[in-house]
Amino acid sequence: MDSDAIIEVNRLSKAYGLLPVLRGVDFSIDRGEWVLLFGANGSGKSTLLRLLSGLSKPSAGRIRIGGWELPREAMAVRAQCGLVAHRPLLYENLTAAENLDFFGKLYGLAADERAQRGRDLLRQAGLAKSAERIVRTFSRGMKQRLSIARATLHQPEILLLDEPYSGLDQAACQNLDEMLAVAQEAGRTILLSTHQLSRAPAAAGRALVLSGGRIAYDGASDPGNLAELYVEAAGATSL
Amino acid sequence: MPKHVELDASPQPTLLRALTLLTGLGFLATLYLGLFVAGTDIQQGEIQRIFYIHMPSFFGAFTAFGATVVGGMLYLARKQAAWDRIALAGAEVGLAFALINLLTGAVWARPIWNTWWTWDPRLTSAAVMCLIYAAYLMLRAGIDDSNQKRNFMSVYGIFAFVSVLTTLFIIRIVPETIHPVIVGASPQNAQGSFEATSGVFMALAPSMLLWLTLMPATLIWHRYRLETRREALERLKFQALGD
Amino acid sequence: MMTPFLACVLAIIAKDLRAEFRSRELLSVMALFALLSVLVFSFALELDREARAEAVSGVLWVTLIFASLLGLNRSLAQESDQGNLDALLLAPVSRSAIFAGKFAGNALFTGAVGLALLPLMTVLYNINMVAPGVIVTTVVGTVGLCSIGTLLATMTAQTRAREALLPIALLPVALPFLLTAVRATKGALNGAPEWQVWLQLLAGITVIYVVLCLLLYGYVVEE
């Protein structure tokens, strides 16, 4: 057993009703790694991230995160994971600061800690001036950045991001990459899913390609080689 | 390449065949006891004989609804689809029994109370019982994801039963009923009581036993097998579409 | 490692209250519906004095149960529309704490509408409804109604036809509350001594339902 592995997935399968989404997925990710998860739409990326965050229970196979077994020890895993999902998972009628304060309470942070981290994260996300604005009035990019702030509020070991680039313009993407770089420097493990190879941040060292519910490629995220592999595995006609 | 899917074509287990036969014979026997052996009631006449089905079907419904609760709890604990099929079968069989109870009651009430239906608390509670399980089946039909459906319906089955029990309990402590109580003292203003003689009990006891045990067990088993096959068929259709 | 139960419940209540005071989405819809319902009943029944005393507790509870349906649908749709239920489930909090938080919020809103109805109905129906017995019954009945209502709304919010399914699922299983609450209210209005028995029964059923909801909520949100 690799003692450095923070995420270990063995023969993981998940079906929704009769529809199999993951059919035996194996991989492990070391502490502090930044891994990209590629796959066409419907290849099971979101399902995999939901399983890893403990939102969904596997049909078969096992997941260990930070030494904890899912779904049995989901409570311990939840405290270590931060998920940035498709949707921002924010309350539209609350301000940015109120959103962070609420989630801080759910993660059991003390009042002064919540205030301190909330301020820091909003500044990092470039939202310091918008802290008292209602989230409903935010642009897609602002929501995405606030969403990352929400996911890192409890300083999780692992950051899971599901298609974070979708709907963001060039500047917003760059800003996102900067935020992720900060997270990686802080020693977090990052697993980021996307269906666009061109968006792949250069800082990530490793890539997984998910196709038809299985891992089709697991290795260096060298773009030249990967493009061919991805086309082959995902059956994608364009990138 | 087309995949071959096993459709369960196994014959009925011997025990189920035996149960079916026994239930059928038992039903004929209790009909015979009720229609020919038990004496005719002096005041009500032949219509009183409907009681040998009316009351047992009410209690039989509880055996079936009990299966829904137990099936639901075991499904939640073990996550095996079989328990959910039992729960579904229990709800359908129980609803059928409750409807038999309601219909036979109406047929009896027409000559005795001179009306098919009155909003008597006991009648209301019987109607509520039917409505709760009709809602169960409708809710079930409205949920797409099969795992979610099983979870939700296991939980709903538990609340449905609690609701039936509490409603019955509430109704029982309301004194203003005209419904006769055959076992135990009838309320003062009950209309259509009759004497529970030994002849009545001789016809009632076997019928009661049949409706409490064999009848629901056999029907639930058959419905369970049907559901198993229906699910297998779904899988087959799904695979055929996928290929 | 797990966030304490009470802290989580209070956080969810505070969040719902804050969002509600800002948007007034829930209370305005529920209150307007309740007002309309009470008015429609008073026209439709054209009650004489005697019949009014009999019918008024029924009007109160039918209005409350339908108003609560509106509120429950909205309250849980707020969580499921933006996928926010996932955000709650991602946090290291027990599922029963999430239930208790949402339930307390719903009970607060529905209870507020119920208590506001009492003086209104006193004026419209010329019967003094602002009596201790009626107030207590309204509070206990709303609490019971919202317990099972919150659980079922969480279920139906995750289905396609949620607006249509919630009444069908809730009304039959909420009947024990309706039966006892109407009788307790009626008894309290008439000064009949047995109203306290009905209130006790209502409280007993409420306790049973709340405990069952706390135990079973986890199954309604798991995937």
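Order of writing sets the labels: A, B and C. Residues in every chain begin at 1.
Here is the rule we go by: contacts are C-beta pairs under 8 Å (C-beta built on N, C-alpha and C of every residue); 3 or more make two chains touch, one makes a residue touch a chain.
The structure presented is a predicted model; accordingly, all values stated were derived computationally and were not measured.
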Line, ring, star, complete or other: which describes how these chains touch one another? complete
Return the chain label for which the distance between chain Cα mean and whole-protein Cα mean is smallest. C
Relative to chain C, largest Cα-centroid distance belongs to chain A
If you tally C-beta contacts across A-B and across B-C, the winner is B-C
Chain centre separation (chain A, chain C; CA means) in Å: 38
Averaged-CA centre spacing for the pair chain B and chain A, given as whole angstrom: 50
Cα centroid separation, chain B vs chain C, in Å, comes to 32
Shared-contact residues (touching 2 or more other chains) in chain B: 144, 147
Residues in chain C with touches to at least two other chains are numbered 222-223
Hey, what residues on chain A touch two or more of the other chains? none
In the complex formed with chain C, which residues of chain B make contact? 76, 128, 131-132, 135, 138-139, 142-144, 147-148, 151-152, 154-156, 158-160, 162-163, 166-167, 170
Could you pull out which chain C residues touch chain B in their complex? 148, 151-152, 155-156, 158-161, 164-165, 168-169, 171-173, 175-176, 179-180, 201, 205, 208-209, 212, 216, 219-220, 222-223
Please name which positions on chain A make contact with chain B in the complex. 16-19
What residues of chain C sit close enough to touch chain A in their complex? 1-4, 7-8, 10-11, 14-15, 18-19, 22-23, 25, 78, 82-84, 86-94, 222-223
Residues of chain A that touch chain C when the two form their complex: 50, 53-57, 75-76, 78-79, 81, 83, 85-94, 98, 102-103, 105-108, 134, 150
